Amino acid sequence: MEVGFLGLGIMGKAMSMNLLKNGFKVTVWNRTLSKCNELVAHGASIGKTPAEVINKCTITIAMLSDPAAALSAITSKGGRFLEAPVSGSKQPAETGQLVILAAGDKALYEAAIPAFDILGKKSFFLGQVGNGAKMKLVVNMIMGSMMNAFSEGLTLADRSGLNPHDLLDVLDLGAIANPMFKGKGPAMLQNNYSPAFPLKHQQKDMRLALALGDENSVPMPVAAASNEAFKKARSMGLGDMDFSAVFETLKVLKHSS
Amino acid sequence: MEVGFLGLGIMGKAMSMNLLKNGFKVTVWNRTLSKCNELVAHGASIGKTPAEVINKCTITIAMLSDPAAALSAITSKGGRFLEAPVSGSKQPAETGQLVILAAGDKALYEAAIPAFDILGKKSFFLGQVGNGAKMKLVVNMIMGSMMNAFSEGLTLADRSGLNPHDLLDVLDLGAIANPMFKGKGPAMLQNNYSPAFPLKHQQKDMRLALALGDENSVPMPVAAASNEAFKKARSMGLGDMDFSAVFETLKVLKHSS
Amino acid sequence: MEVGFLGLGIMGKAMSMNLLKNGFKVTVWNRTLSKCNELVAHGASIGKTPAEVINKCTITIAMLSDPAAALSAITSKGGRFLEAPVSGSKQPAETGQLVILAAGDKALYEAAIPAFDILGKKSFFLGQVGNGAKMKLVVNMIMGSMMNAFSEGLTLADRSGLNPHDLLDVLDLGAIANPMFKGKGPAMLQNNYSPAFPLKHQQKDMRLALALGDENSVPMPVAAASNEAFKKARSMGLGDMDFSAVFETLKVLKHSS
Amino acid sequence: MEVGFLGLGIMGKAMSMNLLKNGFKVTVWNRTLSKCNELVAHGASIGKTPAEVINKCTITIAMLSDPAAALSAITSKGGRFLEAPVSGSKQPAETGQLVILAAGDKALYEAAIPAFDILGKKSFFLGQVGNGAKMKLVVNMIMGSMMNAFSEGLTLADRSGLNPHDLLDVLDLGAIANPMFKGKGPAMLQNNYSPAFPLKHQQKDMRLALALGDENSVPMPVAAASNEAFKKARSMGLGDMDFSAVFETLKVLKHSS
């Protein structure tokens, strides 16, 4: 099976390299051509336009930065479309540990399974187009509220005389232990918010999840309170830091006047 | 080392049995004497009063239902005190997988380590008396907010046309996967709220955590919103169900008038 | 000065009648022609199309049900535009007691002042187009949060053994006495929510005000909590009742499962 | 009728002077005796102890700073008790414009009416002891949430390009016009928070109202969000300023790390 790849950012590059290493034929296209070099060195072909890639390949995967870029890259005529947002960042992309949230054309999903099996530890078919993006919003909404709950707990521990590192250890042994607390907790206690998932993107997803809830008359008071905390963080200039920087909103701040 | 045990409820019985099986001498006391029989059959001695147990044993562990019961059982004279709330319920108690949050007399903690090593997978010494209870409040506060975030996500998934079982699967593969979501999610989707941790106790812990935050000027907007959801659940008559029943507050309800 | 009127709904009819009674020449247009009859009987002329009205009159006021209707009615060529949402409903429209929130062309505002003096007790010029609508959103956001605060207070009074009618009397004597509490309180205590301002419109304005806050990085935790309460009310089927029906969300409800 | 007065702080002094001016016989006691001088100059008698005042007078009014002070001043034997918190500060106390929230002994209330008619524009009898304090909590809870709604509106207006002074004018003409917005708005826009009602006291009342709601299973999400904002303000060192200083929590703040 020949797989096309449109867009060679961090994710696209790691994913197409992974397919090459696993014996797939891969044809790539990228707006800035020089980003294709490393993949060509590993055996990829180059397409001059998105259309050329799409016409040549059985399936073409677009990993583009924004919806408009994605839409302009697609040749509508005769095409079948599968939306497939992924959960996971650079490292899972390199090691084939993504979670793939596909939705749209069911037959196309089935055709893509061999590639999805390499790229992800698990792929889902979620029904009509839009459901992949919705699922991602729901997951990120829960994640954002959990980050706020975690930040409040760390702050309360610290200010009430406990050692917040002890809290991290206790949490990691119990029913709510999870990779995010374990991975981000120690950095947060050092005020280190190197962006893995920028706060402004997390807040955008909270906002969109709340809008989805609004459409469907679902009250979500905890997500709403979390969203306001992320907005507060944005107003403090923390939008480009990791979303764990919402922790800063709870610290003792000086007022400006 | 001889260990005393005051109180043979679900937890006390499992813990003292565990110590017996691991070669400790154990002397037990319980208000209702008949509850001691099974332990005696496994080699435990009986003390007639709490004082008798305390005088006889190197350390005495009280697992009593309420603080007043605990206080009346302790003989103040010459005693050293260690607060040690545990995290974990019946099964971890039987298998020595508790998490022990000790605080108070440091030397007593060290003397108790051989027993704690059997009873728990990990014990912490958290400083002055009160810190054990505080740590438990902080953990339960985070847990309560997470349960609300989870409930909101399940509801949003369902009402926006996703399969909430797919959401459970997606969550379990990602950065926020945790035993609580995995353990309680399927039951919640069947409206099954058999009480492992009753909602009214979770709400009490949220309230106490918020009060602790108030004392220390820590704003906790997400915990506050979660607390109101638990109060809403109580007003719906769900206080004695599992705390996951807060899920019900988000469903479509009929108004009364 | 000749004033044109596009749209003879409740508001448009009351306002144009008021201008006629105060000696203005008025030309009206309405999609359903028969609604013009009463005004013609009081001396109004009829225009066959919006364009005819606009060409004939010094200023033309559009009171149309939705933005699309308003836009399609305006002939862009050579026109000057003034946005002027009003605060107040039927009765203030009849008695010239509206509050007019104008924004856009300053010279046009000045030309319209003689008409605004009849129609409103006060008119504002708020700067560029969009500011009139924004001001209305801000006012309605505050109003929506106040309605929630009021509902919570009435519920707390009732459930803690006070007479909520006493609360109404006490409120009306103090620093937060306001026409809304006085006007709506007695009806709310009788579960009477005849729609003066439908809840779904209030919730839409809360949502838009929160979106405006999002754009400008303004955290608004109380508005966010209020918005969720209105969403809850919508999920209970109360969207077409008066926005004071948010009171129902606080009552003791039965869960469905 | 002879009226006793225990406690000559700001309120007690203004109230007893008001009674003297209206022809009542007044006997006063105060811990610091010198504070009695001005009243004696206007015709008051002095009691050496609270007991002496109580024995001498038909009714004795205690305006003491804290409940412990009040309780120690009362001679229990044969006494009848009426709780009567007042709404209003110094100026209404001087001019007899207080609102009196009495609860307890009904016959005593009726005996006190001649004095209450001078001291207040209105007095209420609210039933059993405790109801006066509860009513005050409910009113202050609504007031605190309104202050947050108002602060959010002022901030949103300012940051979205409106003139917040225009917002004050628009608010004052509409259905939610109230003395608090009118009185405090202009000062808030100048960052002037001279304490009429200190923020820490407002937050205490919000906390107690939420606790009352908790006892009675009343969810109050808007009050809860408001309480967290007041806590945030306390953490910023604003506890001794006027409660309108909660406005500061919404401004753009610098983070500390």
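Order of writing sets the labels: A, B, C and D. Residues in every chain begin at 1.
Here, contacts are C-beta pairs under 8 Å (C-beta built on N, C-alpha and C of every residue); 3 or more make two chains touch, one makes a residue touch a chain.
Just so it is clear, the structure is predicted and the values come from calculations on it, not from any experiment.
At the far end from chain A, in terms of centres built from Cα atoms, lies D. Averaged C-alpha coordinates give centres for chain A and chain B that are 35 Å from one another. In whole angstrom, the spacing between the mean C-alpha positions of chain A and chain C is 42.
One finds 52 Å separating the Cα centroids of chain B and chain C.
Chain A has residues 213, 217-221, 224-225, 228-229, 235, 252 in contact with two or more other chains.
Taken chain by chain, the contacts link every pair, so each chain touches all the others. Contact residues of chain C toward chain D in the complex are 87-88, 99, 101, 121-122, 124, 126-128, 131, 134-135, 138-139, 141-143, 145-146, 148-150, 152-153, 155-157, 159-163, 166-167, 169-171, 173-180, 183, 209, 212-213, 215-226, 228-229, 250, 252.
Listing the residues of chain A that touch chain C in their complex gives 207, 213-214, 217-221, 224-225, 227-229, 231-232, 234-235. Across the complex, chain C meets chain B through its residues 191, 221, 225, 235-238, 248-249, 251-257.
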